[in-house]
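Next up: the structures, one after another.
Okay, so chain A shows up in both of these, paired with chain B first and chain C after.
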Partner chain A sequence: MTAFVLTVVASWGIYALLGMGIVLVYRTSRILNIAGGEMAIFIGYIVATAIESGVPFPIAVPVGMGAAMALGLAIFWFTIRRVMGEPPHVGLILTVGIATILNGFMIILFGGGMTAIQTDLPAFTRIGSLRLPTPDVVAAFGAWLSIAVIAIVYRMTNLGLQMRAVAERVMLSAQRGLNVDRTVALSWIIGVLAAGLAGILHGERAFVALSASVVGISALIACLIGGMDSLKGVVMAAFVVAITETITALYIDPRYVLIAPVTILLVILIVRPWGLFGTVEEFRRV
Partner chain B sequence: MSFHVRAPRIPSSLPISMDRTFALRRGRAQWLTLALGSLALLALPYALSVFWIHLANGCLIAVMGAVALNILTGNARLVSLGQAAFLGIGAFAAGLLQRAYNVPFPVALAAAAAAGGLVGLIIALLSLRLRVLYVAVTTLVLHFAVTTIFSFVQAVFLDSSGIILPPPSLGLMELQTPIQWYYVLLVVATLIVIGALNLLRSFIGRRWIAVGEHDVAAEALGISVKRAKLSVFALTSAVVAFTGALSAYYVGTVSFESYHFGLAIAYLAMIIVGGIGSVLGSVLGAVFITLLPYVLDQVFLLLDLRIRANVLAGIHQIAFGSLIVAFLLFEPRGLAEIWRRIRSAAADWPFRYRSVDRSAR
Partner chain C sequence: MTRIWKVAAISAALSVMLALAAGAQEKAHKVGYIADLSGPMQDNYGPIVEGFEYYVKELNARGGIDGVQVRIAVRDDQLDATRAASMALELATSEGVNSIWGMSQTRTHLAVYQTAARNRVPATAMFSGIKEVLPPNPLAYAYSAGHVFEVAGEVSGKLAAKMVNGKGKMICNSIEAPGGVAACQYAEGAAAAGGLETGTVLFPPTVTEFGAIAQRMIAMKPTIVVAHAGSGQNVGLIRALRGAGFDGPILMGSHGLNETPLINALQGVGTLDKLQIVSRFASPDSTGKEIDAVRAAAQKYGKKTPITTTTIMGWSLATVMEAALRQCGYPCSGEKLNTMLENIKVDMGSLMGGPIQFTPKDHYGTTWWRVFQYDAGGKKFLPASEWLEASSTPTLRKQ
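Right, the complex of A and B next:
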C-alpha cells in the first residue's frame, strides 16, 4: 500500500512538473508546447549519458538543468520569437517540428535506445519502519521540491509577477514598460527547465528511451483536464492522470495506461472544454 | 516587441469577370501544360525502374492524404494531428472486413471511408465547442487512443504480424504489379485533386474557408459554422481513411506499427512545406516529403558516407522537423508560393513585374 501511494505521488509529481512547464509557456506566449515530452527525455538522455561517462549524479543533474535552460533559450530565440502574435496553429505546428528535430538528435547523439539514470544510492530507503524504493523517493521528493520552487517564484517574486502580467494582458504590460520579449524568454527557460527536471526524474525512476516521451502526452492530458492556463489545475489534474494510470498498469496492463486519462479528458472536453480550473471562455456567437 | 502582423493577402489577379476568376484553367498555355503534364504522368512508369515506380505510388498515396489534410488544416484551419489515426482507421476497417467476411475490394474501401467519416464526425462534434489548440490536442489524443486500441485488437484477436490482405480484384483484373497499381492510384489521386479544386471554389469550400478565416464573421454572414465544421471534418476524414485502406491493400498488410505518430508529422510536413491551404501545395509537398528520405539516402550513398541505419533515421527526422520549422518561419505559403513566383517571373521576363492592367487579365 505504501509502495502504491509512493508510486502515485512520484508520477503525480513528474506529470505535474512537466505540465507546469507546458502551462507556464502557454500562459505567456499562447503557444501549446507539444514537444514537452521530447524536451524532457532529451535532457534525461544528457544526464544519463553524463553519468555513464563517469560524472557523479549530483553534478550531472545541474549540468542537465543548465542544458535545459540553454535549450529553452535557444528555442525561444530561434523560433518562438518570430511567431509571436501569429495565429495559434502556427506555434503549435512549430512545436511539432521542434519535437521531431529533438527526436532526430536523440537518435543520432544517444542512439535512441533504452537506458536509465543511475544514482549511487542504496536500492531501498528506510523511513521509520517503512522500507521504500529509493528511486521513487528521490523522484517524488525532487518533483515536489521543483514544483514548490516554481510556484514560489511564480507567486511571490517580481519575475513571477511580470510573467503573470504578460499572461494577463500583453499590450498593457508592454505599455507599462515591461520587456515582453525578455519575460516570454524567461518563461520558456523556466518551462523547458521544468520539463527537463521531469525528464531527469522520470529517467531516474523508470528509464530513458525514445518511447518515454509519452510522459509528454500524459502531462498534456493533465494540462487540458486542469485547464490550459491554470497552474493549480494542472497539479490537481496530474493526480487524476497519475492515479488512473497507476491502477491500470497495476491491475490491467501497462500498455493501456492512456485509456483512462483519455476517457476522462473526452468527458471534460464535452462538459467543460476550458478544463476544471481554466479561465471560462465562452465562444463568441453572433 | 515582436508582434508581427502579416500583411493582408493581395489577390494575385483582380477579378474582371466571375467565370474567369473561378476557372481552374485560363488560357491556352495552361491547357498545353496540362496536356503535357498528363502525358508525362501516363508515360512515367515506362521510364522508371520498379523501385522508383513503388516510390511514385507512395507519392500518389501521399497526395491523396495530403490534399484532404490540407483542406481540413489549411483551409478550414482545424489543425489535425490525427492523420495517422485516420489512415489506420481506414486500413483496419477494410482489413477486418476483408478478414472476417472476405468482402469485395470496393465494399471494403467504402466501409473504410464510412468508418473514417464517422470518427471524423464524432471528433468534429467535440470540436464545435473547442478552439484551434484544443482541436489539435483532441486529435493528438485520438491518435494515441486509436493506436492503443489497434495494438490491443492486434494482440488479442489477430496474429502478431497483423492482417494480410490479398491482392484486390477490380472487376476483371487483379491488381498485382506496381504498374497496374500506378494507374489505379493515378486515377484516384487525380479524381481527389480535381474534386478538391472544385470543392474549394464551390459554395461548400468557400464556407469552409470563411469559417477557417474567422468563424464569428462567417456566422455573421449567415454561414452555419456548425454544419461547415461537421462537413469538413467528416468529408476529409473519410477521404483520409479511404487513402489508408487503399494503401493497406497496396502494401498488403495492416499492422498497428505502421500508424505511428511520425506518419502524422510527415503529413503535416507535406502541407506546411507544400503550402498551407493550397491544393497545388499539397501535391508538391506530398511528392517532396515522400521522396526526401530516399533522395537523402542516395546523396549519402553518392558521397560514400557509411552511416548506420538508425543514424539515418535520425537524420530523416531532423530533416522533416527543420523543414517544418524553416517553412513556417521563412516561407509560410510553402513551395506553392515559390512555384508561383518562379512562374510569374518567367512570364514577365524581361520585366521585374507586370503593370496593373496586365495582371488583371
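Right, the complex of A and C next:
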C-alpha cells in the first residue's frame, strides 16, 4: 500500500508540476504549449550530463534550473512575442516546431540515448518501519515543494498578481500601465522552469531519453481535464491521471496505461469541453 | 598535325584516362548499410555501424578482398519503415550496391527485405531479427545474424529455469510489439518446460513510468524476471523493481544494449549483483583474439568510449560480409552473393559462441547464447555460463 501511495504521489507531483507550467503560459499568452515534455527532458539531459561530468547533484540541479529559465526566456524572445495576438493555432504550431527543434538538439548535443540522473543518495529511505525507494521520495518531495513555491509566487506576490491580471484582462492590464510583454515573458520563464524541474525529477526517478518526453502527454491530459486556465484544476486532474495510470497498470493491464486517462479526457471533453475547472471562453472575430 | 586532330587526340587520351580511372574506381565491392543514425534508437544502432566500419577499414588497410576494396554506402532510416524501404531501393538501384547490411528496428525489416528481394540484393539484419528468416521457408534474400526474438525468448526461458533450478516463477516483460510479445511467449513456454510457473507483463512502447508496473510484477511473486524491452525501458523497470523491493535475478535480453550507459543509469538503485544479460555475442570485457582486434581498431579509429556489445555486433556482421564477398569473388552481383550467403559458414572465433551458418532453408542458423553477470566491483558484465546451443526452430511457444 505504501508503494502504491508513493507511486501515485510522485507521478501526481510530476504531472501537476509540468501541467502547471503549461497552464501558466496558456493563461498569459493563450498558447497551448505541447512541447512541455520535450522541454522537461531537454533540461533532464542537461542535468544528467552535468552529473556524468562530475558535477554533484546539488549543483547540477540549479544549473538545470538556470538553463530552463534561459530556455524559457529564449523561447519567448525569439518566438512567442512575435506571435502574440495571432490566432491560437499559430502559437500551437509554434510549440510543435519548438518540440521538433528540442528533439533535434537532444540528439545532437546528448546523443538522444538513455541515461538517468544520479543523486548519490542511498537506494532506500527509512521512515520508521517503512523502507521507501529514495528516487520516489525525492521525486515526490521535489515536485510538491516546487508546486508549493510556484503557487505561493502566483498567489502571494506582486509578480503573481501581475500574471493573474494579464491572464484575466490583458487590455485592462496594459491600460493600467502593466508591462504585458514582461509579464508574459516571466510566465514562460516560470513555465519552462516548472517543466525543467519535472524533467529532472522524472530523470531521477525513471530515466532520461528522447522517448521520455511522453511524460508531457500525461501532463497535457491533466491540463485539458482540469481546464487549460485553471491551476487548481490541473493539480486535481493530475491526481486523476496519476491514479488512473497506477490502478490500470497495477490491477487491470499495463497495456491500457496510456489509453485509460485519454478515455477519461474524451469523456470530460464531451461533457465539459472547457475541463472540470476551466473558464468558458468565447472567441469572437472582430 | 592540324588543330582539329590535336583536339581529337587530347580528347581520346582524356577519355582513355577517365575510363581507366573509372575502371580503377569501380574495382570495389559496394555494399549498403541502413540503420537508425539520428532517430530515437541511434544510441543502439550507431555503435553497430561503427563496429562494421572499423572492420571494413581494417580490411581495406590489409588490401581488401583479394585486392578489391570494400566501399560502404550508409543510410539513416530514423526508425521509419517507409524511409528504410526507399533507402533500400535507392541503394539497390542508384547506388548499385550488391548487398544491404545492418537495418534498424524489426518494424522496418519486412519493408527492407521485400524491397531488396525485388531488386535481387540480399539483406542481412543485425541486433534484432524477424521470424521470416527462420526455417523452413525463409524469405528470399533475407538473413539475420543478430537476435531473432522468438529464439531469444526461448533461450531466455530455458536459462531462467536453469538459473533458479526449475523452482519458482518467471515473469517476462516486454513492450506490446510483435517482437516483444513473441519473446515472452517463447520465454514462458521454455520456462514452463523447465519447471517454472510463468507470467507475462506487457506495456506500451511509450510508457516511462514503471512504478505501478513493477508493483504488479512483484504482486505476481516472481523468483526471476526476464526482460525483453529496450534499453530505456530496462533502466526504468529495473530501477522500479529494485525500488519496490525485488532483489531477485533479472535476466535481460541483450537486444542492442550498450553496457556503459546502462551501468551508469543503474547506479544507486540497490543491489545489482543479480543482474544478467543473455546474448549470442561476447561481452566487451570478454577475452580472445577477435575481441582484442575490435578493441584495437576502435582505439585506432578514435573511439573515445569503451567498446560495447553493439560494437562487437557490427564487427561480427562485417566478418560475415567479408566471408560472403570473398566466396563471391569479383565482380559480385547481388544474385551471386545471395547464393553464397545461402551456403555460408563463418567461424566467429571469440566474437560469438559458434559459427554463423545459413542454408537455403534456414537464413538464421543454429545459435549459441550465454549469460553475462554484472560485476559490481569492476562495473562490467562478465561471462557466467557456458554457451547454450539453440535451434533456429523454436518450439516452446506458450499457447
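Just so it is clear, the second predicted complex is superposed on the first by the 274 of 286 C-alpha atoms of A that agree within 3 Å, B and C clash if a C-alpha of one lies under 4 Å from a C-alpha of the other, contacts with A are read in each partner's own complex, and residues count from 1 in each chain.
In the analysis below, a residue touches a chain if its C-beta (ideal position, glycine included) is under 8 Å from a C-beta of that chain, and two chains touch if they have at least 3 such contacts.
If you're wondering where the values come from, they're calculated on a predicted model, not measured in any experiment.
> In the overlay, answer first, second, both or neither for which of chain B and chain C A:Leu32 touches.
first
> Touching A:Asp181 in the superposition: chain B (first), chain C (second), both, neither?
After superposition on chain A, A:Asp181 lies in contact with chain B alone.
> Would you check which partner chain A:Arg81 touches, where first means chain B only, second means chain C only, and both and neither mean what they say?
first
> Regarding the shared-chain residue A:Leu121, is it in contact with chain B (first), chain C (second), both, or neither?
After superposing on A, A:Leu121 lies in contact with chain C but is clear of chain B.
> For A:Leu92 in the superposed arrangement: first (chain B), second (chain C), both or neither?
Touch status of A:Leu92: first partner only.
> Go through the superposed model and pick first if A:Ala206 touches only chain B, second if only chain C, both, or neither.
second
> State whether A:Pro273 touches chain B only (first), chain C only (second), both chains, or neither.
Once the two structures are laid over each other on A, A:Pro273 reaches chain B alone.
> Contacts for A:Leu258 in the overlay, against chain B (first) and chain C (second): which applies, first, second, both or neither?
Both: A:Leu258 reaches chain B and chain C.
> Going by the contact rule set out at the top, does A:Ile107 touch chain B (first), chain C (second), both, or neither?
So A:Ile107 meets both chain B and chain C here.
> From the superposed pair, tell me which chain A residues show up as contacts to chain B and also as contacts to chain C.
Touching chain B in the first complex and chain C in the second, residues 107, 111-112, 214, 255, 258 of chain A appear in both lists.
> Under the stated contact criterion, what part of chain B meets chain A in this complex?
1-6, 73, 77, 79, 81, 126, 129-134, 136-138, 140-141, 144-145, 148, 151-152, 216, 219-220, 262, 265, 268-269, 272, 310-311, 313-325, 328-329, 332
> Under the definition above, what is the set of chain A residues touching chain B in their complex?
Answer in residue numbers: 32, 34, 79, 81-90, 92-94, 96-108, 111-112, 170, 174, 180-181, 214, 217, 220-221, 224, 228, 255-256, 258-259, 262, 265-266, 269-270, 273, 281, 283-286.
> What residues of chain C sit close enough to touch chain A in their complex?
Those in contact with chain A are residues 38-40, 42-43, 46, 176, 201-213, 215-216, 219, 231-232, 235-236, 239-240, 242-245, 258, 261-262, 264-270.
> Within the complex, which stretch of chain A touches chain C?
Answer in residue numbers: 3-4, 6-7, 10-11, 52, 107, 111-116, 118-124, 131, 133-136, 202, 205-207, 209-212, 214-215, 218, 245-251, 254-255, 257-258.
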